[in-house]
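The following pair of complexes shares a single chain, chain A, combined with chain B in the former and chain C in the latter.
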Partner chain A sequence: MTSDRKTTVLILDDEPIVCKRLKPALEKAGYEVESFTRSREAMHRLTERSFDVAITDLKMDGLDGMAFLTEVKKRYPETEVIVITGFATMETARESYQKGVFDFVAKPFKLGEILDVVKKAETKREALLKN
Partner chain B sequence: MRILFAGDEHPYSAYALKKVIELAWHTWADVTLLAVSPTQPSSRDPMPEALHRYREEFLEALGGSDSPYAQERWEYEWMALRNGSWEEVQVRRGIKKELRVRLRVGNADTEILSEAVRDGSDLIVMGCSGKGKSCTWDSASSTAPQKVIGNATCSVLLIKEDRPINRVLACLDQTAASQESIEMINQILTIHGAQLELVGLTRDGGAKPEAYTQLIRLGDYFGDRGIPINTRLAEQSKFESVLSTHTGDDLLALWMGKKSLLTLLFPRDWVEKFASACPSSVLVLR
Partner chain C sequence: MLHRLIRFIQSIRGYFQQRHSQEPEYPFSKLFKKFQNILASNNEALELIADMGDKLSGDYVFDKQYILSTYEQLKNHIFRLVLDLNTLSPGKYVHLFEVFEEINDTIQQALSGKWVLPQGDFAILYSALGQDMYELVGSKNANLADIRNILDLPTPDGFAITTSAFRAYIERNGLGDYLVQAMSLWDPDDAAACEEIASEIQAHFLSGSFPPEMTRQVETAIDAVRSRKSGDTPCFAVRSSAWGEDSIHSFAGQYQSFLNVPANQLLDSYRKVLASAYASGVLAYRHEKGFQIHELAMSAGCQRMVNAAVSGVIYTLDALSGETDTLLITAAWGLGAPVVDGSVQTDRFKVNRTPPHIIKSVTAARKTTMMALEAAGGTKTVPVPDACQQEPCLTPAQVQKLAETALLIERYFKRPQDIEWAIDTEGEMVVLQARPLYIHTPPGRTADHVARAMSDHAILLNHQGVVAQRGVVAGKVFVVTSDDDLQNVPTGAILVARYTSPRLARVMRRIQGVLTDVGSPMGHMATIAREFRVPAIVNTGVATRVLKTGDGITLDASQNIVYSGLIPELCYDEITSEDVFEESYEYRLLRRILRNISPLNLIDPHDQNFKPSGCQTVHDIIRFVHEKAVQHLIHLGDTRTTKADATSKRLKFAIPLGLIVIDIGGGIQAGNVMSRDITPEDIASTPMKAFLKGLTAPGMWSTEPMSVDFGSFMSSLTRTFSAASESARYMNRNLAVVSAEYLDLNLRLGYHFNIIDAYVSEKPNDNYAYFRFLGGVTDVTRRSRRARFIGEVLERFNFRVEIRGDLVVGRIKKLEKDAMIEKITMIGCLVAYTRQLDVQMNSDDDIHQHVSDFFKGVCIHDIGSENNGFNPG
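Coming up: the complex of A and B.
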């Protein structure tokens, strides 16, 4: 990280085990992390504050990940969104990119892979902010 | 997801590559194409030629301008040379996802397993020769598929024939199925539109309460996600007869965690022998 301010990350996945695994790993890497298992609660949090990076699952009850991605980009275009999914298809991957996703990562993945992607998203954001 | 394709120059490896292309098409996984040469190869040796062919085939299928693998990102990278020095070269990478082509020298199964660890692979995909009662490579490293299946620390998909996957027959013992293995099953089911049949293995006429809990948990997990699932119990001693009910269009999935009953009850090399005897493709989950 290049400044004193920590990069902020929101995690949304309806499987608690995913949040439980990702949150400490990202915090250990120096990020400020909030995790949610319900999209409604994550959406509510977005009305209160923005995040630098959002990681969201796709298949969830209620507001699904694609709708969440749309809403995040509408509200905060500068937030980089990473989609993670256990039910990947070419259609959902393409749709995610059309909606402005930073990266599309199929499960399963190693923690190192998602940390690499978050780092790239952070680097992209920093480069954009400098310009 | 990171997929490691390990192949040689024979046709069964081309079948396995087709499966890798299909998986990559949907998952946008980072993919490494690997071959292992027993000795230092020249450019005319079969392994480099096979890798060249596989890369061409992969990019022909997935290298279009709207593909994540489109080779449009130029970067400078340091490459190690044989004499211990390094050279900075300009390389072309996939615009969003990686396709790497690697050649290792040495013993095939050792190098494949080593590459999987180094690469952080989530899935190794290999082909093997023979329909039915064999599972070998037609090269000097004939037992490589069996060795990799038996010793990999990640999941392994062994493709035996170029056939569709219409049903996944997943056999579970009394150990916990890892989150990664459940996610791998999800992806396979989603990509193939396949049905799932979950077989819980019991011992001496019954299962421990944990086994029922595990089956119910998995049934709920897939059911909650709209995946149709049939669940049944089968006595471990009749395991082989259970397997005889499946067809060539099935994918047999075996949960083989470190504490798996299968690895406890059967000799260490059982899974290798079983993968050989199984007529269909095999997915070993870890």
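Coming up: the complex of A and C.
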């Protein structure tokens, strides 16, 4: 991190285990993290503040990750969105990228992989902010 | 869903039984297609199983969806395997559907989240308890069994009375319905009524009778305990071990325990332990937490009473002081119960958690009374002799031994521990109980704090290997270069080795972590590291070069990073974090279903248990189907029942391979149509010619010490089986299916089983070679050396290599025709060379010697020259 302010990350996944494992790993890497298992709560949080990076599942019980990421990008176009999903199809991947998703990570993934992707998203943001 | 599956299976079974009587007329090419499907499903299924096992390392984030969908895929492959085998030999293995149905049923139940308690014996000795038996014996018993059976630490002899016994007791005494009815009147606001309900329930429990089988099993267990130690009849400590106790919802301490119970009163005490689970306080707690009354499953631990001179409790982390590097021991003379309930003065020893565990402070109290055993059973309180009252009750050596033992237990359970221990009158230390100590990270010790601590330390390795078991440890490096070094490994060292030798298993219990240059997370050593939960990163490539004996490092196998220096903050953060992967539901679910999936019980096809009913796991079914499919195809070729679209011939060869060659198009020279036998010159199949060339390359086949000729070598092996058994007929029967460009070879040489599947044509894009080697017979160390040798050779020839235990798979594809031919010739050499290897694999150094010998050998034959990409290593 180049500035004093920590990079902020939002995690949304309806499987608690994903939040439970990602949150401490990202915190340990120096990020400020909030995690949600319900999209309603995550959506509500977006009305209160922005995040630098958002990590979201696509297919969750009773909610649509695509709708969530659409909302994030609409509200905060500069937020980098990383999609994590166990059901990656060409179609969802294409749609996600069209909506401006930063990267697409297939579940299950290694902690190191997701940390790398978040790091890259962070670097990209920093580069954009400088310009 | 399940019913649909069963109906489907039944209809299929009917179909096959019908078909059996009609003997279908499949053309050979169709049958061969089925066979190829079997091979493909076989490989994919094995890969899925390995993949699931790999997820237990903790390096992956996976969710329940992963477990569900991966098992779904696996199930489909198995279903297809069973189906294809029954098409290949109609009706012969219909029973396999039922076997699979049963295994699948067990797995589906676990996946559906129904924790159906396993049926099991009523009483099980601690020495006979396996891992993962929490549901049957409760956490306390299961932990103690791990401490005894895996960590090899002294614990009291004894046995568990299981949750199965509890259920039988409930059933026999009609308590199930009664409980539901009684609890329907529970009103938390009416304390007096609650009291009344509770005491009525307890009275019911105390007046019940035991199923005779249960009494018998408990008596047998008592006899076993008695017979293992000469002397008087043992007395027991009878403690509760409920399922779910000691977990997040801590029921610990709410149930009653009974000390020094004579054998003939043991069942009475057991009944009282059961009743204590229905005391009003416990019922209120459970009610408040939303537990259903039928969710309670009690087990009890019956431990031989230890005549303790000193007892106490260890907190591996001093939770109250907030000192992150301190372990706290409290101790008093006599039995430990008063220490636990706080009714006596205790000595306190603060010890540094880092070896050599320096004692930071000793606070000796004035101890006036102690608890002692009453000769007739039960306990009594007696005065402490004057001379001992002010004396610390532990020597510095005892304090250190306790600290070492406690941290070993903590490392295994990956949580700070609350451990009860005793030292008996003969001076032997015994672990009585261990449970997790839940510590809330004090404010100020946030992730920030850890991140800052880490930033002061240089990173030595960063994602340079593969995590075989996650976890964080800090300690001193010990580099192992030979087997002799293993004897000198200090306790608590972080072991660094070139290879993932299974020999390292010998010291796994004493070490904190492992790093290797070479190795697979699916190998034998990785499995052992996971069993002991020792953090391990394998295949770093450079560990032995970067690290030296004595270096202080922090191995973070959760993030796959190695830091220079000790970072206790990171270790502390790891063991106190809420995220203990091994405790997560998903981890336990995956482990649970893998128990029914990955163990391989069917190994020797000549074993009388090698039949559908002998299949206990998914892996067994895979193995069975594959073996039978190969046999069936051999049989087809052998009995000339092949149809007009294929030719089957016997290969006459310098080496008696017993090879049946089935030609599905252009694989054998047209010519001598009438003859049953062919010679190598008649082979026209490009990959087959290449393979035979390698197999017979001079210097590859017969070298010392197997100076006997191959024929007698084979026959000596055959003699070990009953000559009359049908399987013996096939000992020398091997199978190759060929076409002009194709080879599928299933070759058993002794106990080595080789599969080569290759396609070689003028179009590089279509070309591939697949080589699979599975050995057996010899001890696991030699097997793994052999696997490493083969893996190393294949890798140097640029194959993509996977090693799992003693299974080696090598793949290569899309090379020019000439290069493919050389690769396949090399495989021929390798098959010939490996046949005599087991005998010679005496040490790890032999691997390098053999790799080098092998290369000298192949170079003579002009294989492995620079132009085909041979990489001399």
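Note that the second predicted complex is superposed on the first by the 128 of 131 C-alpha atoms of A that agree within 3 Å, B and C clash if a C-alpha of one lies under 4 Å from a C-alpha of the other, contacts with A are read in each partner's own complex, and residues count from 1 in each chain.
The rule is short, and it goes like this: contacts are C-beta pairs under 8 Å (C-beta built on N, C-alpha and C of every residue); 3 or more make two chains touch, one makes a residue touch a chain.
These figures come from a predicted structure and were not determined experimentally.
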Partner chain in contact with A:A67 - chain B first, chain C second, else both or neither: neither
First, second, both or neither for A:G30, with chain B first and chain C second: second
Partner chain in contact with A:D103 - chain B first, chain C second, else both or neither: first
Touching partner for A:G112 - first (chain B), second (chain C), both, neither: both
Chain B versus chain C as contact partner of A:L22, first or second or both or neither: second
Contacts of A:T89 with chain B and chain C, given as first, second, both or neither: first
Contact residues of chain A, present in both the chain B and the chain C interface: 15, 17-18, 21, 86, 107-110, 112
Contact set on chain A toward chain B in their complex: 15, 17-18, 21, 59, 86-90, 93-94, 97, 103-110, 112-113
In the complex with chain A, residue positions of chain C that touch it: 55, 59-66, 69, 447-448, 450-451, 463, 467, 558-560, 573, 577-579, 581, 584-586
Residues of chain B that touch chain A when the two form their complex: 1-2, 25-30, 66, 68, 96, 120, 122, 179-184, 186-187, 190-191, 225
Complex contact set, residues of chain A against chain C: 13, 15, 17-18, 20-25, 27-30, 86, 107-112, 114-115
